[in-house]
Amino acid sequence: MAEIAKDKLLHMYKLMLDIRNFDNKVNQMVKKGKVPGMTHFSVGEEAANVGAIAAISHGDLITSNHRGHGQSIAMEIDLNGMMAEIMGKANGTCKGKGGSMHIADLDNGNLGANGIVGGGMGMAIGAALTQKMKNTGKIVVCCFGDGACNEGTFHECVNLASIWKLPVIFYSINNKYGISTPISSVINIEYNYLRAASYGIPGYLIEDGNDLLAVYEKFQETVKYVREGNGPVLLETLTYRWFGHSSSDPGKYRTKEEVDEWKKKDPIVRIKAYMIEKGIATEAELDELDATSKATVEESVKFAQSSPEPTFESAFEDIFAD
Amino acid sequence: MAEIAKDKLLHMYKLMLDIRNFDNKVNQMVKKGKVPGMTHFSVGEEAANVGAIAAISHGDLITSNHRGHGQSIAMEIDLNGMMAEIMGKANGTCKGKGGSMHIADLDNGNLGANGIVGGGMGMAIGAALTQKMKNTGKIVVCCFGDGACNEGTFHECVNLASIWKLPVIFYSINNKYGISTPISSVINIEYNYLRAASYGIPGYLIEDGNDLLAVYEKFQETVKYVREGNGPVLLETLTYRWFGHSSSDPGKYRTKEEVDEWKKKDPIVRIKAYMIEKGIATEAELDELDATSKATVEESVKFAQSSPEPTFESAFEDIFAD
Amino acid sequence: MNNETKLMTVRDAIITAMSEEMRLDENVFLIGEDVGIFGGDFGTSVGMLEEFGKERVRDTPISENAISGAAIGAAMTGMRPIVDVTFMDFIVYMMDNIVNQAAKTRYMFGGKGQVPVVFRCAAGSGVGSAAQHSQSLESWFCHIPGLKVVAPGTPADVKGLLKAAVRDNNPVIFLEYKAQYNVKGEVPTDPNFVLPLGKAEIKKEGKDVTVVTYGRMLERVLQAAQEVEESDGVSVEVVDLRTLIPLDKEAILDSVKKTGRVLLVNDAHKTNGFIGEISAIISESDAFDYLDAPILRLAAEDVPIPYNHALENAMIPNVDRIKKNILNLVNKR
Amino acid sequence: MNNETKLMTVRDAIITAMSEEMRLDENVFLIGEDVGIFGGDFGTSVGMLEEFGKERVRDTPISENAISGAAIGAAMTGMRPIVDVTFMDFIVYMMDNIVNQAAKTRYMFGGKGQVPVVFRCAAGSGVGSAAQHSQSLESWFCHIPGLKVVAPGTPADVKGLLKAAVRDNNPVIFLEYKAQYNVKGEVPTDPNFVLPLGKAEIKKEGKDVTVVTYGRMLERVLQAAQEVEESDGVSVEVVDLRTLIPLDKEAILDSVKKTGRVLLVNDAHKTNGFIGEISAIISESDAFDYLDAPILRLAAEDVPIPYNHALENAMIPNVDRIKKNILNLVNKR
């Protein structure tokens, strides 16, 4: 296990807490009817998100999918804007036009969540092509779910990236289901990462995707490999979403036992225990971080609630660039 | 080498000759301006087509691609109708509405050529699904080129067939190029058949796709496996097209040496030599078959030429089924 | 045929229609993402897995191309698949199979073969899912010869036309509206209740103004018609197209000739939406001479549908705007 | 800017436009199947590999989804890709990237980002390639807010508008016509010759009848206009739209107000083709009051394009039918 600076680790922990607290809060808001449409939560997948994103550098890029809250927060988006966006407000990240499925932060390398399964893959290889053509040394992380691996775009994009040796990490967050459909029922192999062989690129499984350090370490190694110009890599992480697929999912297709089993593997509890055990931080310090995170999230709700509704006229703006 | 009944072998030889003679003739007609649009020839790929199709049974189905002449003839389509179709005539297979890229013979299991690369793959798995749901014991051969293996539909269709264990053989005829693009430049592995591993199905390479018996034998084995309900298989055959990609291709991207090298591996010459050597037939008998084949092709041109042009009204028919 | 009806939602009308057809014809089956234990993204197959089993209520991978392709291939070889496209926006991944294959196969093959397949699409906005989950794309398919396009606006029509679509021997794009799955209405219970494709229905007779509409907008148009009749004494005739392809031109032109004034309403984007086609059909016909006012259109604004709920709703014709347009028309000339 | 022109084909106008823009801006590059050594399926990049090299004239696998996706992602991050779609029919595999991604990204992100990418499509019939290789699908894209759609009809306009498309900061669907790559015309040689998107051109002034058209049909319309003028003394005004989105409504309406009679011509299928939209725009505008006759449309028949050459041609408006329709219009009322 590589050494991680204490500050870095504490920061990663904070980001995990932000994801957890933010999504728990959004879930409450959904239940109160304050959030239109569908919202997909990252609760339970904090390590898979933060461990990955923490390994890239400023200027690197990501594309994300419908379940993008975790990645956006890991990319350190402004929570006020994000909460306001989810509530459809004028001061939201997207001026209330995009919502949960379209959170983006272009200035900070987040090319956006996406409502189309597989929809971000083309963008990811294109962004990677730009980095290669302009020789920027930057890389792209293309995030998607287990279910997305059966879209044709996966095949085409990984293949194109492989022959052009594009600097992109294809990152599949395997939470075992695509809506109600177990990944095991829709692929005839054990894991999707094995498909890397079809493109002559490395593929790896991060078996314990709830272990922050395991994810981070594998990502660091992979980021280095990709940044050195060796072409793309396919990484797969096993984790689990605690909530239903979206804000409106009854969840009949999973047993309570399965969900409970995974809750025992809580990625936040585990890294917390690790840090205490290793003497990196005291329980009190860590709880303090949690309190701060919760306060920040409450703050974001206040910000969102006090943000104005977008004007009617604004609906007709931003269609075309000048 | 499994024994093949003499009759069967001679019939396969005849079909190879028909492909060769038919396409040579069409090529002449193209040069005379008697054929509209684009035509893609199967000359050089006769063994890859006949060896495969000869291994399936009456009632089995195929889907084909733009380069479908060889498969249609191997499926024993009426040459008169096919020639008339290519010349756009009312008595053509498709009443002059489809042309070279849409030759089909639904009554005899040929679900049609296709102008869209990858366009026949969905149909193939769907036809296989019908066989499975109706428990017919029939199988489907889905024919496509090397270049088609990078379409997303390949990935989706092979995957779906793999999880549903559909009775379909994915058959990639690798003639080294997709138009001007060498397959080696657009995949990062040596051969596409290796991708079978991504779907947990068997994949095989028929290295010498100009060896009729090698193709036939591997197909027989595969047909048996698929018919027994074991699910799909991905087969790849190496061969070469002698002509340009289509009737209008200057062919700058291949060297004369390469083309000549492959012409030396003429699948027809080789099986002829084999039959003579094995005493299966005399040279005279085989030449006689060739003469008959040529006569049949000439006949088809006469048929086509004497067939009427489709009427204006006919253009408005056949859009909807009752 | 009996004349009983039952109050049910659009969702139940869909489930009923599919289930009845599946009981009648073993070749009919349902295919799509999460149609099984989940009961469909919009609950439109709840209970069907239990009745028909996994073979006929077929969950798939997230592979829209393969789903549509498999459906078409199955249709060409004797089955009659119903595809649950879920959000119509995802049909982008099915375009080759629908447009280049299903629509053209029979024609290209000189009249051989047929492709009896239904693509059920949850169209339109109204559930806060933003621009990639809110489109009504029917006009794309109306533009392609070889496809039928159906867009009913009441639970009864949904049932009768979905059954007709399943029985039709051609590829049918069938629009449902995600905002309307819970809308209720009286629906005939007889399994023989099937409506013809290609027949519009005058949902309300009138003499001053014709409003032509279909699908989701019907409800609002009827309400607006009612209201202007009560408030302003304007007599509105409402022509509900129900089927866009084949189109019941006669019903439209007859009504226009009667009233001389026409408003067209749909929830798809205005530019190149289907009501533009209706306008053009009227203007090139002999009904043109009967027109006493410009042909007005009310459609979704030409903007990607925004997330904010108020904005989302404001992009779509509502009862007030429909009323205003009707009154405008009456006051012209 | 100099005023020199050179006689060249549409094909050469395209190569010239792309090459000039690539010389001016290193972010511009060409991507597509067989654009390199093959020089493009229609020869529209012959010689470019030699000048610009493999990095900027990028041959791809047969992966339309990845091609379009890569182009969009590159565009979002600072490049300005030109995609050679080749046959427009293959755009079916690019629909998600164009419609759900490129068109909506900026809007969904609240005005952040831009997607400067051009999709060059070989549209239309006329080369005997049958139903899957003969479509003009512009109306699909006109229906989607966030896309620009350009369809020039002369070699000079092709050059000037392709350059404008490349310089535009939005996704542009650019129609070429496979039957017209060899058509010749005088083309300005100045690299600064760029035409504005969104401006129609009156290609011929007249006072009796307006014909609105674009793209491939312009040539036939101009010939027909000339001929009826000579034979019947009918004065025809020809409005060449050139850009469909954004649309120069004013140019259309002004001409209609002047002549009171209008014929619309395009080579796409009639039902829900773009000229239907034009008809609707006229009928809902103040130009309606100036109409002295029905608005006529001439378009490709609503049948998949047949292979037989005579039938193929018969499905598309020709000079004779255009003339007949013009004369019909003049004789109305």
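Descriptive notes on the structure:
In this document, chain identifiers A, B, C and D correspond to the written order of the chains, with residue numbering beginning at 1 in each.
Following the convention adopted for this analysis, a contact is a pair of C-beta atoms (placed from the backbone, for glycine too) under 8 Å apart; a residue touches a chain by one contact, two chains touch by 3 or more.
All of these numbers come straight from a predicted model, not from anything done at the bench.
In terms of the stated touch criterion, the partners common to subunit B and subunit D are A, C, listed by label.
The most distant chain from subunit A is B, comparing centres defined as mean Cα coordinates.
Averaged C-alpha coordinates give centres for subunit C and subunit D that are 30 Å from one another. Subunit A and subunit C have Cα centroids separated by 37 Å. Rounded to whole angstrom units, the spacing between the C-alpha centres of subunit A and subunit B is 46.
Rounded to a whole number, the gap between the C-alpha centres of subunit B and subunit C is 41 angstrom. The multi-chain contact residues of subunit C, meaning those touching 2 or more other chains, are 60-61, 63-66, 89, 92-93, 96, 100, 107-108, 130-132, 145-146, 303-304, 306-307. In subunit A, the positions touching at least two other chains are 94, 96-98, 102, 114-116, 118-119, 150-153, 156, 159, 163, 185-187, 319. If each chain is drawn as a node and touching chains are joined, the picture has every node linked to every other. Looking at the complex, you find that subunit D touches subunit C at residues 89, 92-93, 95-96, 99-100, 103-104, 107-108, 130-132, 137, 139-140, 142-146, 245, 268-269, 271-277, 279-280, 282-286, 288-289, 293-297, 302-304, 306-307.
Contact residues on subunit A toward subunit C in their complex (touch as defined above): 36-38, 85, 88-89, 94, 96-99, 101-102, 114-119, 147-148, 150-152, 178-181, 185-187, 252-253, 309-310, 312, 314-316, 319. Those residues of subunit C that touch subunit A in the complex are listed here as 33-34, 36-38, 41, 59-66, 89-90, 92-93, 127-133, 301, 303-304, 306-312, 314-315. Per the touch definition, subunit A reaches subunit D in the complex via residues 61, 63, 92-98, 102, 104, 106-107, 111-112, 114-116, 118-119, 121-131, 133-134, 152-153, 156-157, 159-160, 163, 317-322. For subunit A in complex with subunit B, the touching residues are 150-156, 159, 162-163, 185-189, 194-195, 197-201, 231.
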